[in-house]
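In the two complexes below, chain A is the common chain; its partner is chain B in one and chain C in the other.
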Partner chain A sequence: MSKKPATQPALHKVIMVGSGGVGKSALTLQFMYDEFVEDYEPTKADSYRKKILLDGEEVQIDILDTAGQEDYAAIRDNYFRSGEGFLCIFSITEDESFQATQDFREQILRVKNDENIPFLLVGNKCDLEDKRKVSYQEASDRAKQWGVTYVETSAKTREHVDKVNSIVCRWYC
Partner chain B sequence: MDFESPDVMKDFPGLYASDLHKARCNDTDYSDSAEKVTKKDILIGKRKEKKDKKDKERGYAALEGESSAEESYEVRSPSKSKKSKSFKFPTKSKEKREKSREKEKEATDKKKDKDKKTERKIEKEKEKGKVDKKERKLKYEEWSDIADVLPIFGVSLKLAVERGRCHDGIDLPVPVRACIDYVEKCGLIFEGVYKVSAPKSKVTHLKKLYNQRENVDLSEYDVPTATSLLKLFLRDLAEPVFTAELLIRFEEAGAILNVAMREKHLKILVGNLPQYNRLLLSWIIVHLYNVTLNEKYNKMNAQSIALCLSSTLQTSHRLLTALLCHCPALFPNTILEPYVCPLTSSAQLPDDPELMERELLKQESLLAQIHAEMNIGFISKQREELLWEVQRIITQLKRKLKIANKDKEVVVEKPLEEKPIEEVLDNKIEDASACAVVQSDIEVTEPIAEDFEENKNFEMGDPAVDISANEANTSDTSSITSFDKNSVKETEKLEVDAQDTSLEAENLFLDKTLAILQCKNILLNDLKQSLFKQIEKEKAEILILKEQLPSKPLNSVPVYTDANCASLDEIMYLLHKENQILQIKKINLVRQIMEQQEACIDLQSNLDALLKNKSAA
Partner chain C sequence: MAPPPVVTGLSPIEGPPGTRITIRGENFGDKPSDLIGLTICGCDCLLSAEWKSPNKIIARSGPGKGKGDVIVTTRLGGVGSCNVSFKGYHETIGPMKESAVWVEEAPLFVWGRHSLSPSSYQQEDPLGLSVEGNDKKFPEDDLLELFPNCSGDITMDNFSACWFLLENHHCTSFNDLQAGLLHLRRKVEGQKEGQLSFLKANVGSVMDQVDTIVALKEKFEKDTAFYGTEPTLKLEKSIKESEREARKLFDDVLARRDRAEKTRNALNVLARFRFLFCLPCVIDRNIKKGDYDIVINDYMRVKNLFNKSEVPVFRTALSEIEKRVVGLQKMLHEKLQKMPITIEEQKRLIRYLINLDAPYEPAWDAIKSHSDYINLRFKQCYEEHKAAEAALAEELNKVKNSHSASKYSKYSPPQDALSTVPENILFIEELCEILSELFPDLWKLGQSYFTGELHVKVEPGRQAGFKHMVLTIIEMFCKTLRSAIIPHTLDKNVDRQLCGAWSLSDIDIIAPWLPACLRYIRATYKILIKLDLPSEALDIIAGLILDLRVYCMSILFKQTTEQVKHLHKQETWKIEFCSTHSGITDLPVKFEQSVQEAIHLIKESVLTNEQREMPLLDNASAQKELDKQVENLLSAFHGVLKNLAFQDDDGDGGEDRSPVVSQLIGTPITSYRTHDATNNIPVWEYRLLTTLSNCQYTNNTVLNHISDSFIKSGYLLSKMPIENVKSKLVTLEKAILDAYLEQKSDPLVGTIEPSMYLGRFDWDTDITPSDIRPYAKECINNLIHVHSEVYSVSPTLVDSVLPQVVQTIAEELYRLMSCVQKFSVPGIQQARADIGALQEIFSGYSTPKAKTFFIEALEIIPPLTKADSTIIEDILKQCRIKMRLQILCLSQHRTNGPVKT
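Entry: the complex of A and B
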């Protein structure tokens, strides 16, 4: 198949995981195009490539937006295997999605077999403070237990989206 | 009607000697038919046997063939999670053995290195004794690439299609499609196409590339290479294209002397083929037919093509010639559409929504295939890269399509506001009624055509009229749909007006052809009636003859002495030959008569139509 020339910039693969409807696609689209899409359309899988200039060095990041629904779990493993960093998203307004992060973490560790794989726990929809079901403390405790960072974001208001962005960049620089 | 085939009788004297065998088409007598099959198989099978032997010599790729896919399912799953371990000890692939190996390792760690080695050697030797096919396969799957585990060549057609899928919805294996595309494009005027073969090394190299799922550009090679590759693929198939089950019946049908009967039987058999086989056969025959159409340039007629490919297709020369001769009737809807591979990320994505849509389907098909291969266990860095790349293209296409669709909505909405709705409606009604007129015309003509087709005793006279009518229909409806979509655009409106006028002309033309067809229909119906009567008569005759035949007791076939037998056989043979020649002469005469009759009918119907027109005027 197509062989990439060696001169190409470093390429890293980041995967967004989390249950359905927590805002993985919304966050991804914020990363990529700075846009927020209101209407919900379940993702099967989508892949994007973004070039980032960091300290004069160009880094390419492939972002894979996966399906939250279990229907597509069969194809998820194929991606997990090649992932080099994972963003595990849940919605702070939905406790179930928070509980599901545990499963995702286990799945990833099972495929990658590496406790120190770059991993970020993201609580999305933090603009909906009045509907919050998962406390900040609860989430950050879990992150601490896993030895990862916890960030709360809002894909709608773009709050802390850049923070996530820079954390991801730091993984590879 | 001629069910018996002297040709077959000649080839297998005594095979159908008993009268009971007349009913062989029905295969009611199971033991009898089975016996026949074996007898025939002996003859047909010789070729196969040779081939099988070759396959075995060729090694694992051919041996594993069909089963490898399922087996790798079982095999891969345990080894997946043990990647690192299997890397250290690649020959040990079974979980159990790995465990024992671990234990052994713990034990041997304490010992000296030499001990370790000897112990391993002993174990290896033990294994060697035990090594059965399955274990060897395991090793192969761990060591080798997809070419050995999931080859496209040398497997059943179904697997070949699944593994080497064309992503545009036409379920042919990629190498077949590529070869046919290339020969259609560059090889039709190549002198001795399919006769001239390429160096074996070149062809096997190409086969390897295809098995490795490399992108191959046949235009870098030449026509003989492409034709040889196609032949190789067909020869390597685990089962003949005609399927082992139907092959004999195909042969029987191909041996029928009566042209119309032969066509009818072949058509039924083609319909009975499994979907993939039917598609592959249709493409090959239509393609070969195209080759023979260019005989002027390539010096290959149906006979020579059949000679070159009959052994490849594991059929007789006669069957292949028959298929080529009936090609237009057997595969009227097969269009050899060139295959365009799914785009790669370096290519520019299309801008036309329709093209985007089509590309999206292709990419999704490709993606599904990559996933399927990965799930079986074929995982490599390259494949993973490709997976992400294809996924990215899909995402881009979807995004582009979304934007395009949004733009379209905006474009459509705007002019709607500008123009009064009543006008739009008026236009639509006008056009719809015009369409209705055309359609009703066609409704009249179509049943006539069907009527002709049912009466398959002779070839259809004038399908062109029917086709032109259909074309008029489709072009008209398409104009309506486009009209619906953009009905308010000024330019479109003009176009529609133009089409209206052309429609009137078409209507006139249709009226004329309709009149001719109606006259012809009457005449042909008469002919049909008389033919039916004849058939009935012949059937009655057959019945009478059949009644006479069983009256001779079966067992009373006298036992001849050798000399007698030989002379009798000789006489039989001569009689058969004579009979055969007479049959052919008869068929030719009948054909000529039919042709003359048809010509007469054509002329008569034209005349009648003209007279009608005159009287009407």
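Entry: the complex of A and C
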């Protein structure tokens, strides 16, 4: 039953990075399956694949959801090496996670050695406006400094998830 | 059918066996029971699978190792596919590694610090920094110099951090090192925290363990209080006691066993001696029974046991046995050479003799005796049949003597001989039988001797000897056969004496048996071919067969020739009208039949090539012989035809031959009738015509048929014989035709003159003619008679016979006219009317020559005035009306076609 398509569509590897508990997996699952998972379970490394039809061209996007916990920092390099695009997530309710994005950015640039690698800064949990610790301005300034786009999303309400989606797609079309 | 399930997401993507995996994707079915299969890395994990939703399944990985697909199978969607892969790995649990599950560590680790594999607990990169750019190694000598008595190994006691950093990170930037420090610090904290979190995560099993330990402690304390501090004392005591008891029980048994052993040994020795001393008797008995195998076995055994013994009693017994064995060897050897014997039996005897270390050369002796036996049988067979032949001859002589008066003495023996098989044929048959029966055994024996199947060493020179033996037998066989049937192929001086001549029977007697002979020899030949004999030996027989085939062919042809020669006796003179060729008797048909029969028979028996035979006619002499025989055969028929045409049978031809004038004029047919009635042989003219017709038929049809069937049967016949015979037949045809014409036209022409001048007729007459004269009518009638005679035999012959007759008539008329002295006017009228009428009536069969004779005859007759000529016209007109019937007879032909001469 597993019929392989005649021509394998282009495959692009996107990696979700960010501190623990900022909602990388939630965002990924929302993105993949329109599903929001309430319970928290630290991720080790998950892999998802999605076919996207864009301008009549089929593109496969492989999403690698990595562990935010520092326990797994050592294996990150290996993951980063295979990545072709990066979604750097932080939680707008947690300043620490926003500061960590700097480290991630640097590690990625060190491994990939490419300033223009597709990169997106995502501030998650924007539904929790009342608990906001990182202002929009602050985040978008940093994005501007890096020369990347900044998007605020909510994995819970699916706000701007599709926007992220379309930005990612545009990288590869 | 639902779309097949697709796995698009795995969480996590790697782990040791038992990892809980969240599998996400599409079309996982609508209810838990829809899920009917799940494999992770090729391992069936359905048991642990938990269906959550159409998009999600939670399962635990199996023992699969390495990267592999996660395949979901649903009831409606079938076997699915997978976009992501799971990597299973087997974790080595070290003493420093936390594990929530029990790990059997005994086989994995030998306790002791240094035996541990460092990789199991040492992280490759403790700082968590990529060391990719660190290509340049810091020289180890320098390090040793810088930090004496230190090491970069993190596990060593003398570990030096500086060494480590220089060794691994001497290119790393300060910032990175700071990050590494941070990482290391976090790691240490994490490990501390990790212990706590590990306990937290596995609190259930930890609590269980604690409970179990407490329970154990309580129980033990209770037992100590109850039984005292040394619980094993009582146990030790009982073990010791039971050991003592066991010894008591079994000592006796063991002693008994030893005794039994001793007794058995003694008995064995006794049995051995008894075996030795009884052996002579046993050997005698077994020889009598024919159990040579047992004898050999016993002999070997006794030799093994006592051969080296020096005890005199044993030596005596041994010599006794040896004596028996030598006797047995002799007996077997004699048996081996006694013929006839099957090859299996021989082989067995040879094996016995070899096993008994006989001083003979059993295999070679067997071969020799075999060969001698074959030669002997040949000789016996020859003598037997020779004697039989002599006896037969004597008997025949007796018969001959007693019937010497009988005039058919020459023909009586064949009648006898035909019913009984000639002795030399019987001889051949038996000889072939002997060879095909005995020779294969000899050959096989020889083969197994030389291939070492008999386990005998092949003596030098044996190979040549065997070859000589084989060739001699084959040669002898062939020569004897040749002497029996084809002695002319033998070398006269040497071989005839050797093989003895046979009284050769008549061809007639031997011919029917020849194909059978050939068959016997061929069968033998085939057997020999199957034996894979050397070609040298086979060629001898091949030569014999070739000669025999040639001989057989020529004999068969000769026989047919003889038959054909006697064909004339079978001539019935009965004419058969067949559609293609009318007016022949069955003689040519019979001839054709017998020739065809011969062709067929020869093809069947001789011409076809069997295994390992050359095509007969490749042989030049055979080809020549064939041509000769075919020509003889065909010429024989020519002779037959000639005989029939020109020879008188039983002396009654003379009467027929005398031409009787009156017969021709009168009723010619009646003469045949009378002859038919008396002796069935028709008059000579009739026979001539019939033979002529037969001759033509033979030439045109039969010979072609025969030639065709020669070609069809694969004879490579040259054209010569058939052409020769054809030309002979053509000559014969001409001779017969001439004879017939002479016979017919002479009297016919001879009657013209007497009839013309009958009643003293004179051309100088003054009687005005009113009709053509009788001689002309007679002439017409005679021709019609000839026509009818020829036609009655064969219509086709009419064309060749009648024109000749007409020509002679015309010539005679011309001669007669030129002899007339004087014509009166009425005479002229008469002559012109006569000749004109004949010319007109015969025109259908007139050759150009005849026509000129008619015209010249008319020119000799003086011319007439016109008034006088009218009367001729009148006469001719009248004549045409009166003789309408006769004219019709002779003109009939014209409708059939033009005249040929």
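Definition applied: the second predicted complex is superposed on the first by the 167 of 173 C-alpha atoms of A that agree within 3 Å, B and C clash if a C-alpha of one lies under 4 Å from a C-alpha of the other, contacts with A are read in each partner's own complex, and residues count from 1 in each chain.
Note that a residue touches a chain if its C-beta (ideal position, glycine included) is under 8 Å from a C-beta of that chain, and two chains touch if they have at least 3 such contacts.
Quick caveat: nothing in here was measured; it's all calculated off a predicted structure.
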After the chain A overlay, clash or fit between chain B and chain C? clash
Touching A:Trp171, do we find chain B (first), chain C (second), both, or neither? neither
Can A:Lys13 be said to touch chain B (first), chain C (second), both, or neither? first
Is A:Ala45 contacted by the first partner chain B, the second partner chain C, both or neither? both
Name the contact category of A:Glu70: first (chain B only), second (chain C only), both, or neither. second
Contact breadth on chain A, by residue count: chain C or chain B: C
Taking the superposition on A as described, I'd like to know which of chain B and chain C A:Glu35 touches: first, second, both or neither. second
Report for A:Ser82: first if it touches chain B alone, second if chain C alone, otherwise both or neither. first
Candidates 45-53, 279-287, 387-395 or 423-431 of chain B: the single one with C-alpha clashes against chain C: 387-395
In chain A, both chain B and chain C touch residues 1-2, 4, 45-49, 62, 74, 110
List of chain A residues in touch with chain B within their complex: 1-2, 4, 13, 45-49, 62, 64, 74-75, 78-79, 81-82, 110, 113
Which bits of chain A are touching chain C when the two form their complex? 1-4, 25, 29, 32-33, 35, 43-50, 60, 62, 65, 70-71, 73-74, 77, 110-111
If you look only at chain C, which of its residues touch chain A in the complex? 4, 8-15, 22, 24, 55, 71, 77-85, 123, 125, 128, 130, 183, 186, 190, 194
Chain A touches which residues of chain B in the complex? 81, 84, 213-215, 344-346, 370-371, 374-375, 379, 382-389, 391-392, 394-395, 398
